[in-house]
Amino acid sequence: MEIEELIYFIVEMMGTVAFATSGAMVAINKRVDIFGVLVLSSITALGGGCIRDILIGTLPPRMFSDYRYVTLAVAVALFVFLVAYIFRNHYQKSQKIVDSVNNVFDAVGLGIFTVTGVQVAIESGFKMNGILAVCLGVITGIGGGILRDVMLREIPFVLKKRIYALASIAGGIVYYNMFLANMDRTLSIVVAVAVTFVIRLLATIFKLDLPRVKLKEPQQDK
Amino acid sequence: MEIEELIYFIVEMMGTVAFATSGAMVAINKRVDIFGVLVLSSITALGGGCIRDILIGTLPPRMFSDYRYVTLAVAVALFVFLVAYIFRNHYQKSQKIVDSVNNVFDAVGLGIFTVTGVQVAIESGFKMNGILAVCLGVITGIGGGILRDVMLREIPFVLKKRIYALASIAGGIVYYNMFLANMDRTLSIVVAVAVTFVIRLLATIFKLDLPRVKLKEPQQDK
Amino acid sequence: MEIEELIYFIVEMMGTVAFATSGAMVAINKRVDIFGVLVLSSITALGGGCIRDILIGTLPPRMFSDYRYVTLAVAVALFVFLVAYIFRNHYQKSQKIVDSVNNVFDAVGLGIFTVTGVQVAIESGFKMNGILAVCLGVITGIGGGILRDVMLREIPFVLKKRIYALASIAGGIVYYNMFLANMDRTLSIVVAVAVTFVIRLLATIFKLDLPRVKLKEPQQDK
């Protein structure tokens, strides 16, 4: 059991690093100041888990009762900010590389937090309720990014582009069923994260979007 | 008692259908993809109740501990999306009808959720505190729409137009006082919902707005 | 002990008045209607404390279990609205004075809520965890303003300008350490609020901003 907890802790730390990196990059692109970068990066990394824990009534949220999550997220954000600040000419010229790194980290974070979200939901009494367990996993995976985008005055990316959410839903369903089937925990994590990661990246590369109702009038804003 | 619970359940389901429909229509108008429509529609329908339950400490929120609410909201949103998608030419041409349907459903949802919100607040220990009970009713009624509008990068409609909130406050006060006066529950629900509904629709038809401070400088955004 | 509670209550009431005033002024400038002014003003005043109480699991939030906070915030907002409405020509001409008053009240509110936030965190089991205690203080101080700005479709001021957050962090650290050092409570409050207030106002007067990564491409929005 202890080893299992350790595995989840390490996986969650990896997710925190991934989302904090991606969140910091998005914030830097929007020209917020260093504090804004730290806050938005932390919110991207910890926000989804906080919403999940609030919804299931685990208060204070786990990411808030253990100072290591906040500290790690802030440290990562500070590192990304300093790199971007010191090498800003290179940072700017390599916008395509930055975007790719951002996408990869974001996909890793999405996969990891979806999986840990489903796991926490299962442990919190949603074991026999697949719909809500997967729902909570998806909220954990996409919640932080939504909070960040709302604070940056963007319509959340996840609502508009690249089957982002579908990747999270798929990973959540895979993990939930591998859990019910009592399969090896580490294997389940790896497979479910991989499913999310691959769908998310394929969607980005091939620019896949979900269908929408194409109305003809000019769109109101911009 | 069981019949009473059943009545509230049915009323709440009706409110969920009304708000999910209206939320889906607003989302479709903003050109988000199918997943965005499902999410925004669910948030419109369940968001207010979630905020209320978080505030009163009923966790997980009722709308999240019973999978039927989520399922119903998603099903309704899917249905509206498919209708709009398949008949998009008609959907577009009949924008005025769509807007009217949207307004009616939104008014019904507002009335219902205000009432159930006050009821839940009363049951949760706010019985002798009318101000906060009505407050929680209004939050239940308008919270989902505010979350939706914020995610769609709109200044929440409720803050700007058509005495929307006043309708909710009026309905909440009526229900709270009919409850204190120990009047028939079903009658109280019907009367309070009707009050909200009528005020809301009259305000839309006659374009009634609340007063605001008219400053002369050009407004900053749009 | 009772005197201590009374002191915190009075201080918190002062913070509520300060933030409600400043919130109402911001809302009036954005041309929302009277209800919008009341809501946004209340959210500015009570929002930070609500987020903090949700995160530490004190539900209903203190600002919601005691009707005096809501009542006071609404009364202040109504007063500001009426003054601005009746004297709108003067209000408009004296925009600079209004902005100054707004800044002073906002700085007072920021200092007070940071301090009470740290205090509540300490009482709620974060006594030995300075990072999270200060974190919760800052959330209490800046949370209401962030909610208000998000609802008004602004990128939160705190993320962009005038070392706003740094002032709150500094005040929080001062208060936390004076508490640990067991210094006189009233003195601790006064010193910590003063630290926040002075940093915040100096930053406004001298237009101090935190560093950001200056990318050369034209900014996307606006």
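Per-chain residue numbering starts at 1, and chain names A, B and C are given in the order in which the chains are listed.
Note that in this section a residue touches a chain if its C-beta (ideal position, glycine included) is under 8 Å from a C-beta of that chain, and two chains touch if they have at least 3 such contacts.
Just so we're clear, the structure is a prediction, and the values are computed from it rather than from any experiment.
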Chain contact topology (line, ring, star, complete or other): complete
Copies chain B and chain A - interface residue numbers shared by over half, same or different: different
Geometric centre distance via CA averages, chain B-chain A, whole Å: 29
Shared interface positions of chain B, touching two or more other chains: 54, 59, 150, 153
Interface residues, chain B side, partner chain A - complex: 28-37, 39-40, 50, 54, 59-61, 64-65, 67, 70-71, 81, 84-85, 88, 91-92, 150-153
Touching residues on chain C, where the partner in the complex is chain A: 54-57, 59, 129, 131-132, 135, 146, 150, 153-156, 158-161, 163, 165-166, 209-217, 219-221
